[in-house]
Structure formats: C-alpha cells, structure tokens
Amino acid sequence: MPRNIRVEKLTQTPIEKQEIEIVERKGVGHPDSMADGFAEAVSRSLCNEYIKKCGTVLHHNTDQVEVVAGRSCPEYKGGELISPMYVLLVGRATKEFQDCKIPTDTTAVKAAKQYLKNTLPDIDSEHDIIIDCKLGVGSTDLQSVFRRGQAPMANDTSFGVGFAPFSETENIVYNTERQMVLNFKKDIPAIGTDIKVMGMRKNDKITLTVACAMIGKYIDDASHYFSIKEELSDKICDLAMKYTNREVEVFVNTGDHEESGCVYLTVTGTSAEMGDDGSVGRGNRCNGLITPNRPMSMEATSGKNPINHVGKLYNLLSNRMANDIAEKVPGIEDVHIRILSQIGHPIDQPLIASAQVIPEAGANMSVIKSESEAIIDQWLADITKVTEMIARGELDTF
Amino acid sequence: MPRNIRVEKLTQTPIEKQEIEIVERKGVGHPDSMADGFAEAVSRSLCNEYIKKCGTVLHHNTDQVEVVAGRSCPEYKGGELISPMYVLLVGRATKEFQDCKIPTDTTAVKAAKQYLKNTLPDIDSEHDIIIDCKLGVGSTDLQSVFRRGQAPMANDTSFGVGFAPFSETENIVYNTERQMVLNFKKDIPAIGTDIKVMGMRKNDKITLTVACAMIGKYIDDASHYFSIKEELSDKICDLAMKYTNREVEVFVNTGDHEESGCVYLTVTGTSAEMGDDGSVGRGNRCNGLITPNRPMSMEATSGKNPINHVGKLYNLLSNRMANDIAEKVPGIEDVHIRILSQIGHPIDQPLIASAQVIPEAGANMSVIKSESEAIIDQWLADITKVTEMIARGELDTF
Amino acid sequence: MPRNIRVEKLTQTPIEKQEIEIVERKGVGHPDSMADGFAEAVSRSLCNEYIKKCGTVLHHNTDQVEVVAGRSCPEYKGGELISPMYVLLVGRATKEFQDCKIPTDTTAVKAAKQYLKNTLPDIDSEHDIIIDCKLGVGSTDLQSVFRRGQAPMANDTSFGVGFAPFSETENIVYNTERQMVLNFKKDIPAIGTDIKVMGMRKNDKITLTVACAMIGKYIDDASHYFSIKEELSDKICDLAMKYTNREVEVFVNTGDHEESGCVYLTVTGTSAEMGDDGSVGRGNRCNGLITPNRPMSMEATSGKNPINHVGKLYNLLSNRMANDIAEKVPGIEDVHIRILSQIGHPIDQPLIASAQVIPEAGANMSVIKSESEAIIDQWLADITKVTEMIARGELDTF
Amino acid sequence: MPRNIRVEKLTQTPIEKQEIEIVERKGVGHPDSMADGFAEAVSRSLCNEYIKKCGTVLHHNTDQVEVVAGRSCPEYKGGELISPMYVLLVGRATKEFQDCKIPTDTTAVKAAKQYLKNTLPDIDSEHDIIIDCKLGVGSTDLQSVFRRGQAPMANDTSFGVGFAPFSETENIVYNTERQMVLNFKKDIPAIGTDIKVMGMRKNDKITLTVACAMIGKYIDDASHYFSIKEELSDKICDLAMKYTNREVEVFVNTGDHEESGCVYLTVTGTSAEMGDDGSVGRGNRCNGLITPNRPMSMEATSGKNPINHVGKLYNLLSNRMANDIAEKVPGIEDVHIRILSQIGHPIDQPLIASAQVIPEAGANMSVIKSESEAIIDQWLADITKVTEMIARGELDTF
C-alpha cells in the first residue's frame, strides 16, 4: 500500500531571516533533563533486558519519572546536602512473560545509578540522592504489537514533528551546553551540569543568557567565583564565534548580586539539590532544543516504549527525515516534518506524513518533492530499525 | 523606561492556506489534563487562602501533580474499580508567614476534591480516587517579589508564546470537546470526560479522530454502545459544520473491534482508571490546544505561582495580547507573540516582547505596528492584573 | 491424633495479691490503636469480599498500616487542620483467583472510611485525613491452606498468649476508656477518642492517670476546659468505684499548665493530628490491655489473615480459652494460656497448648486439669470457627 | 526528694522450675529486626550529629522505620532480585536549631547504609535495597528537656520493664542466633541473617525450632543444601550443650519438603527480599528476646530519642538494674523490674520503681531489699549517663 506522503512548498521567511529568534536548551543536570535522562536510561536498559530474556522488547513506559528536590547548604570550598534529592522511577513495565520473570525494578535501579555515574559525576550516588523505583504492571498486547514481518500497530492517535537544519542560534545554544560539560569543565571543574542556555537573536545580534550551577568545593571564595564567571563567559563567546559572524553578547548567572554575596552556588552542580523539582517531557524536545519559532510536539519522548509508541517514534523519525532531507536534497532553506498516526493502524502507514519545505530562491521544487518523498518513504519502511537504534542508545531524546 | 517591544512583519503562508494542519485537544478527563486541572485548582485556592490570611499571594508552585492510574473492571450496565486512581498533589508552598500558619495542605485537598466534583462528576470522590498531598516547603523571597508599587522580579529566564486567531480546524477541535462535555452529555450520559480530539486538515478536508471514554453504567450492551457512537459522530459532524464549509469526516473510537467486542468502555469516564498516568504540562497549551503548526512554549502553565513565574504569566499574557491584536487591529491574518524575561529583572520589562504579524493583502503595516505596540505595552503595564485574574479563575490554563 | 495439651499448677502470688500492678489501655483514637483499627477493619472487609467473590477467605495480611501525623492549629470554639493526617493501608492481598479479580484496594479504602465514620466521628473524613492504599500482591498457597475437611497448616512457628480473669485494676482501666467514649461523651462532647489510661495499683490504692485529647470546638475557653476536666475526673472516679473497694485517685491531663495556658487541646480528638504517628501491633494486646505483670505476646493481631496466621489465631484463641476456664472451671484464681505452633503443621495440632493455673486455696487440681484440658481441646477442634468469628467482627483485636 | 522505690517479695515458681517455657529471638536479618536496627542506627547517628553541631542531643524519634519486601528469584549457585527491598526511614527530627541547619536526612541515609554494610553484608547496598528517607519536622521543647543540672521531664506516662537473670533456654535461644551469625557463618557462608529461633522447654527437654534463610549463591544443589542443614543442626546442638544439661532437640527449616524441592532459599539471606515486611518494635524486646513467661513492655525501644523518652530509657534501665541486682545481690532466683513515669515529671523521679524478687530458699529478704533499693536508686540518679551510653552505641535495643 502506498504511503500517504505530502511534500508541500511553504511560503515563509526562513528562520535566519526572521527578525527575532528565541532558542533554549536545558543541560543534562537541569531537573527536567535529569528526569528525561533517567526515564530514557531505564527504558533502554529494560529493552536490553527484555531482548536478553525474551528475545524481543516488551511493553513498558517509564516516562513518569519524578525528580524531587533535596535541601543543601552550599559553601565555598565545601558544602553539604541536608536532605538528599529523590528520584522516583515510575511508570509501567511487563514483569512476567511466558513464565519468565523479568527483574524490571532492579534493572531500572541499576540503569539509573549507572546513568548517574556517567552523566552527573558530581552527585555522590551513595548519599546525595535516593533512587526509588515503583514500576506498575503493564501488559503486552501481543496481537497488536507482534505481527510477523509487519510493523506494529500505533498505540495512539498522535503525531511527531521535526525540522532541519539548525539555525546559527540553535547551533550556538546547543553546543554551548555540550562544550561546557564536555570540554570547558576540564579547565573549570566548578562548572555544574545544571546549565540553562537561552539564546535570543534580534536581527544580527545574538544574546546568550547562561545560568550555570557552580560547584562550591572547587571555588575558594567570592573573588574566585567571579573570576570563573569571567573566564567562562569568554570561552562561551569564543565558541559562539565559530558558528556565526553576528555580534554575540554573553550573560552568565545574571541573578548574582556581587555586593550581597548572592551567587549561584551548589554542592552537586544541580539546582535539584535545593528546591527545584523535575519531570519528564517538560524540557528539551528530542532534538535537544526548545524552539518557539519552530514546529514542536508536546509528547514526552524519553522513557516511552520504542516499539509502537508513536509519540516517541514519530518525533525521532521526523528529525531523522528532516536532517536527511536538509543534507541530501539540494535547494532547501528549512524543512518541517509532521507525521500523524491513527490508533490501531500500522505505524509504517501513518494517516499523513507531511513535509513543508522553504526552498532556496530558484530551487527546483519538483526535484525537492520527489527526493524528499523518497527519503520519507524509506524511513517509514525502515521504522523498526529506529526501535533498534533506540535500544542501542544511538538516538538522543532530549 | 520604555519597554523593548518589536512588531515584525512575517512573510508566511497563513495557517488557513497551508496544505496540512494538525490540531489536538485533550479533554478535561484525560489524565494529563486531570493533572493540569488539579494543579491549577490547588494554586488558585492557595492564592485565595494567602490573600485571606496574609493579604497577598505568597510563593508556591504546585505544578508537579501526578495522576497515577487505577485498575478497573468496566462492564455494560455497571463495572467497578479494582484499585482507586491516585492523585499526588505535590510541589512547594509557603507554610508560615510572619507567625501566621497557612493550612496549605488541607486547602489543597479541599480544592482538589471540589474540582473533582465540579469537573469529573462520574468519579466517585469517596472510593474511586485517592487525593494525597505532600507539599514541600517553599519560601517567599520578599525583596525580589514585593516591591511597593512596582512589578515583581522575574523568577527565571524564560519565555511565553501566543497566537491568534484560531483557524477553523482549531475552533472545531476545541469546541468538539467542550460541547461533548457541556451539551452532548445531557442527551448521551455515557460520554466520559476523557476525550481526545485530533483534527487533521488536508487542503479542504478536515478529518476528526475522536477518542471518547464511554461510561459502562449508562450503556446496556454492545449494540447500544455502537448506536451511541453513531449518534455522537453525527452530533460532532453537525457541530463542525458551524465552523467551516470544508468537508468534515469524523471517526469515533477507531480502536474498537465490533467482532471481538473490544470497545472503549470505562467505569468513570477516564482512562486514568486503568493504566494511563498523567502529568502536569504535558497536554494542552494554555489556549486549550496542541498545535505543531504554531509557535508553542514548553512551560507548564498550570500550578505555577501567578506572581512572578514568567513561564506562566507570559504564556497567558501572550495569548491575551494576540487575541486583542487579532480582534482590534485591522488587517491581520495571523499574529504570533513571544515574550522573553531575564531572571531578576522586573516582569513588566521583558528582554523582548515580540509580535510577528502576517498582514492581509494591502494592510497598512505601520498602523498595525503602532496599534499592536500599544496593546502590548498596555498589557505589560497591567501585568499585575493578570495575577488577579488568575487568582479569580478567569483564565484557563489548559 | 490426641493434642499436646498441658495443664500445670503455677505457684505464684495471684495478681490481686501482688503489691504493685501496672495496667495500660490506649483508646481507639490513639494513633497506634487507629492503625490497629484500620488494619483489622480492612482485613475483615477483605474476608467478606473474598467469601462473596470466591467462596472462601484468601491470603492477605494488612498489618503494616501506618498512621502519619498531620499538623493542626487547635483553638477554643474552633481550630483547623494545617495538614491532614495520612493513613497508608499497606500489606499484601490476593488480587486474582481463578480468573476472578478481587477489588482489594477499593474494598480496603471503603472499609477504612466506614471505620472512620463509625469509630472516629470527630475526624472529617473528607478533609482532615487522607486514606491511601498500596496493597502489594500476595498469593494463596492452596495446598497448605485448603485441605478439605481439615485445619490449615500454620504459616509460621509462633505462639499466642492469654489470661483470665481481669483484675480489678484491669477492669477499671479497660472500662474507663470504653465508658468515656460510649457514655461520658454524651454529656461531655469535648472528650476525644485519643485516650490513654494508665492504672497503677500499689497495695490497696489505685492511681489512674488519664490523658484525654479534648476537642476545641466544644469548649469555650480555659475556664470551661478546666471545669470539664473536673467533671470528667469525677465521672471516672465514680465508675472505678463500681469495680473496687480500694482507694482510687484520678489524674486527668497531668501535663497541663493552668498558668501558661498549656492544655491538651485538639481539633479532631486525636494527637495524630499533630505530630504523633501510629503503627499496628504496638498498642493494646488483643484483650484490650497492656499488662507487664501478665504473660504477653509481641505478635500484632490486627490485620493478619484469620485462616492460618497463628500469631493472630492463637492469641485470640488463648484469651477465649482462658476466659472459658476462668468462668466455667471452679477454684481458679488466675489462668495463663500459651499455644505454640510449628510451621507447616496443622493449626489444630499445636506443638504445645499450655495452661498455667493458680488455684484457689483448697481447689481440686485434678478436676481443674481435666476440665481445662477439655475446654482447650474443644477450642482447638473448633479453630476454624474462630476464623468465621473474626470475619464477622465478633472478636476485638486491640 | 527520696525516690519512690519498692522492693517486693514475689511468691512464684522461678522460671527454671516452671513446666513449660517459651522463648523466641528474631535474628538481625529478620524484617522486624532490620527495621529496629535501622531505626536505632539512625537515632544514634542523629545523636552524634546533634552533639557535634549543637553540643547536645535534640529531639527526634525515628521509630517508624518500615521495611517493605522486594521480590526475588533465588537459585542454587546464584539467583537475583526482581524488585529491590525498600526501607523507609521515617519519623521526626529537629532540622534547625538556633540558625544551625542539621543534615538530618543525609545523616540518616548514611547511617542506614553503614549499618547495612556492617550488619547485613550479603545484601548488595547498591542494587538490592532502596534506602528512602522522609523525616518529618519535630521540635525541641527546650523548657521541659533542658533543665540545668537536672534530669529532663518525662515525655509521656509510660513504663519500662526488665528481668534477670536469663534462664538456660533464654541463654540458648539468644546465643544460637548470635553464634550462627558471628561464628558458624565462617564455616557455612550460606547462613543468612534472617534467623528465627524458637525455644520451647517442657520440663527437662528443650526443643529448638530454627528457621534460617539460606543464601543460594553459596549452595551447589539440593543435596548440598540438606547437608548444610545437618551440619548446622549439629553445631547448634553442640552450642546448646554448653548452657544446659537438659535434653536438646533441634529442628532447622522444618517447612522444607525434600521431595518437592521446596526449601528456604534466598538471594540475600533475608525473607524481606520476597514478601515479608518489617516494622519497628514488633520483634525482640531490648534484652534481645521475646518471653511470654516474663514481664514485658510493648514500647518500641529502637529509634526513640534517648533524652526523655521514658518508653526507651526505662526499658533499658530496667534491664540494667535487673542484671546488676541478679549479679551483685546474693540469694536471688529471679528479679523483675518495672518503672512507671508520669508525663511532665522529672525522669529520675518515677511514679514508682518496683522490683519483684523471687528469693532463693533461705535468702535474707531485708538484705535483698536494701541492696536492691540502693542499686535502683543509683541508676536513677545516673539516668543521664544512660543517654550517653545509648548515643555511644553501648546498649543494644533488640
């Protein structure tokens, strides 16, 4: 059956040419991202356990993880937690299948602790955080999901959304957080993981407002703190220059008051240690950004089962498609993808898969259409491969 | 100080002229909406309790409410719950202020129970649902919030987004759910509150996919169920015709299998009774819709404090501004509003308040600019009135 | 098989002739008794639901109920709760049996709410208390429990203990609480249910120390409070006189300070509203008393399954046996019963059933032995009737 | 003021001469003992933290700890947990004192994890168990507790109970568990910590029924299991012989069925891994035993604050006094101590401190009286030293 694919020319000012652009990224230690990260780590680990024990991924959704804030006493050269942070791994998972018991809850706890060590190393996993787990029972509806040689049925009527390529501001916002964690931290160990980068472009000027939780034990005193801020600000500015010729202005921790000594100091590098709770699906979209100028989906991607949860699959797929089209099809300024399912229908046969393309001046729209359609069709044909990519951890979800 | 307001002409195909449009609304009994509803009801009730006891709204955020699914045995002419649904009212609230103790948790429980009775009457509040409450302690930072005669300081660097007017499809999707609950239910008591309306317009054909949890006790048997579906489908079709001349196709509960007897039957009218959990901020935006073709914000609006939480205030404000501009300023096809705060700055002085306007052919852009700017400026000047409107319950948040 | 029954003469000063005697009773509104009461009400209700749905009582233990204190602002003529009390109905129950789903959790919630209304009427069940329920899964091991025409196998190696008759002090302590709740409250509505009666007899003088949570809304002011205390003290003294010719001294709420205004005032009549938590099995033994002079068991009786949980059955049975022997067998001062099970053996065949008898001077010990043995043997033969009496609510457990 | 001390001669068959005696001990890995152990470890650690930060022990009670069972798949040579065990450290603690914040919750978590490593080494603290902590707020009532140079005021009207010396059966039961954990395990690593020893003496025959959770990873197969049982049974028998010349019969894991392969196998050495929950105060009394033939108190000792909680102090004190009297005063068969407080009175001035003594034939009762009174008086005078001993961990509580 031919798929219902539409490629449409969109008359619209491309993002780079709009006057105002707003882009946000929450870093991996932001409480909402922590929730996303735990939810996806648990889901991935369950996928692999299911494959090991049962030969296939069984039904689960771990997308209700909650991060409940602790209380802390941050100090220069030290500080301690008063009450630990609390993470509740919650959701539903298949716990028994054909006489095989799957250790879902211990798997979840292990995955979360491993994730913690890999991603949030400044949190003492023994004493600063409690990882609790209360997975409810879910059940795998075999008929709808396992159809030999065929795509599973959609779990819901839902849609996914993606776009490409990233604008300059989007690239800067995304990479600022990534580089702070992966590179700048080597020189500035005080950098925490709870980073929020807000980029605002007004014509040719880009303003970056960066909130970064600083870790007290690596900082001697207030003057050290402020010198670190300056160093960090310079590094961010230098980094941004690689992506743009526009003017860039950087603000770091604008809430600080040098006189009153009120600064953004933490023990563990995240505001979850003191008052800020986090939930799955309320932060970055699966491309790593929050972009009010761009099409977005509300669906939480992290923690959803990657077999037939269209809210997860179609969002990840839309971004893959958009990236491929933007890279491989000539003459494209921006491309937006939307895929809509109908509950109970095969996931490789969406109700609609729509691409909106803003072509470059003079581009050949009919070439764009046929090549884009082919790319979309191929990804839909390969949709079960996306499930495997997710289980292998090859696709980011936030 | 003059405000930083930008009104920009946007070259873009207006929504009604785009080929593909996708619009979704989750009804009040959808688990995510339930979470939103409880969160906002609690916040509103706390506002009024704070005003009564302390003369002003104190700091709180109740936006982490969780709805945990129960287990049910639905049946025609009856059915019962096996395990009750569980609602955890969680978040943070100021519990003491100048020697006055505020009964935050009992206020929250009362508000939630009242909300339940008003909005979800088919749920037996005594036995089908557990309302639990574990509000953490928050504290009111007096300096930043209460500044005599002045606007409070922004709690965060964040943005709000709005647009107007609604397209035909948006109007249909929104009103389908509203009319099902408020009117159709009078004739068809089996209509539950967990309704999901997905609208997809492809050029001049609108497809509505409606999932509606049916209440077993009002239905005699399968044949009655299917006759109700038909009646409902007709009513929805008739309603849609009031908003459009386009072709409309309606699908109700497409997941049903008439042969196998598999239908969407519930005891209480919501899927939260059997396996579907819900969280705040993952459903409708504050205009009541999810619209991937339109600018959106990720911020949860429900349950946030309405004093200085820009994620809440700016989203509500953006939609007010957009509506006013669309109504009062002549020559406008679509208007998009974005407002961006910077932490620690007064909320009536955003970093940017941006309007993107798609003018009608021949419209006078300079008139549009000046009139739109005036409307935006006036709303920002009146921003503390929005706080009051929220406390009085005059603004919907989902 | 003959049962292993031993009746032994015990050389011991009978309780009434010992110099010092200490007896305690926690009233039904004491947090520990609340936990006991909820646990047993839930177990009883599950028994009846199991019988209704499956024809027999299935495995469950609901003896881990927790009462978590709220916070309150008591006042004369009023007062309100700041945070509700929280009751967690927890334990294990069989949720499915031969394709029948048993609504264990909703049954538990209903039972707890009903118990609340019947027993603790001054607590507003809607807003002052949260009844939560998280029953885990248990399973009925059919082989060991259901043996046609035979007694079930003991779930554990454990023992039960009982004695009779009550001493004067024991009767006074028990009936003081009972009469305060059932009779005195008609005249003095301010009497709460959280009553603790401590009786100490030193030779021929009995000192009663009574702590009684007073309910603010029924009291006008401090002078009213102290007049109520006096009235109550007189009534208790009069009551005690019915049970003894010894001297009786009564202290009510000795912690009060008339000068500082520090009194034992509550909103709901229980200290669970403000800081005092409660657990199952930490208060009264199943005869309603705590008696360090007497043999006691540590086993929680309330909430245990009444089929094969010897910790419950043997405690209730021991007291029945002791009462029967004390009433029917002539020449007995005191009788103590102990019954010891061995896991996996039939519950009507204990490892030992021992009676220790303190005979009156001149009593015929061989008659006592044979009659006591007969009574013990009969009760063991009828042990499954005890299960039925428990399910019908005919036996108190605390 | 002279203290109210009574030493009374009790006419009673001494324990060793009674026909039937029942004694029980729950080992450190029994779920109820686990709860006791965590509760006391947390309290002790809080005491030390309070002393470090504030110079004195502040108010707290951590006696509501709950151990919620996990689910496991035990196997010979291995096995794994399906769901982790869950420990909730709950109770109340003073979190702020004179501008000093005390890290109560992190202290509690650290103490519990340390306790786990020291006492329950076969439980993987990383993945097999979740340590959660939700301490409520308590407050230190300074006036009643801190009275310069004087004893604090009693927190309640309550009593403590003790006796000495241990009978043969009591010694055997106590030391069986202790030696299994401390010595036998060196040779038989399969011995778990969840041990229940039930001793029954019938005249001159002692029957020991021992339930011991065996650890699968140290056992090759069923035949290995049963050979271990035999070895263990022999060792227990040999041990018992050191304490008695009576006949001793030992049963180990009587619930096993060799034919059906049903044995008492675990992954971690405790039944808390599979279905058995535990609570504070429902197991051993503070002398380490449950003894229905002996005076007992219902008060939970573990986790209570050691400053003015008479339920804790008087139980520990009663046993110290009884031991001292039994050791130092000549001519004593058995001694029972009971101490009764009245709320609001100094803890060194109990309402009554009563000793009941069963003298040896021919003992001089007036010497016994005067020497016993002196010992009791001295301990009451030194009562604040007991607080210090508890904080230093010198007194066992279960």
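By letter and in written order, the chains are A, B, C and D; residue numbering begins at 1 in each of them.
FYI, contacts are C-beta pairs under 8 Å (C-beta built on N, C-alpha and C of every residue); 3 or more make two chains touch, one makes a residue touch a chain.
From a predicted model like this one, the values you see are computed outputs, not experimental measurements.
Judged by contacting C-beta pairs, the busier of the interfaces C-D and B-C is C-D. Measuring from the averaged C-alpha position of subunit B to that of subunit D gives a distance of 55 Å. Once the centre of each chain is set as its mean CA position, subunit B and subunit C turn out to be 50 Å apart. For the pair subunit C and subunit D, the distance between C-alpha centroids works out to 24 Å.
Taken as a graph of touching chains, this assembly is arranged as a ring, one closed cycle with exactly two partners per chain.
Against subunit B, the residues of subunit C that register as touching in their complex are 70-71, 73, 80-84, 86, 95, 101-106, 109-110, 113, 126-128, 130-133.
Taken in their complex, subunit B has these residues touching subunit A: 6, 8, 10-13, 18-20, 22, 24, 64, 66, 68-69, 90-92, 136, 138, 157-159, 161, 196, 198, 200, 202, 207, 209, 211, 251, 254-255, 275, 277, 279-283, 285, 290, 292-293, 295-300, 338, 340, 342-344, 351-352, 354, 356.
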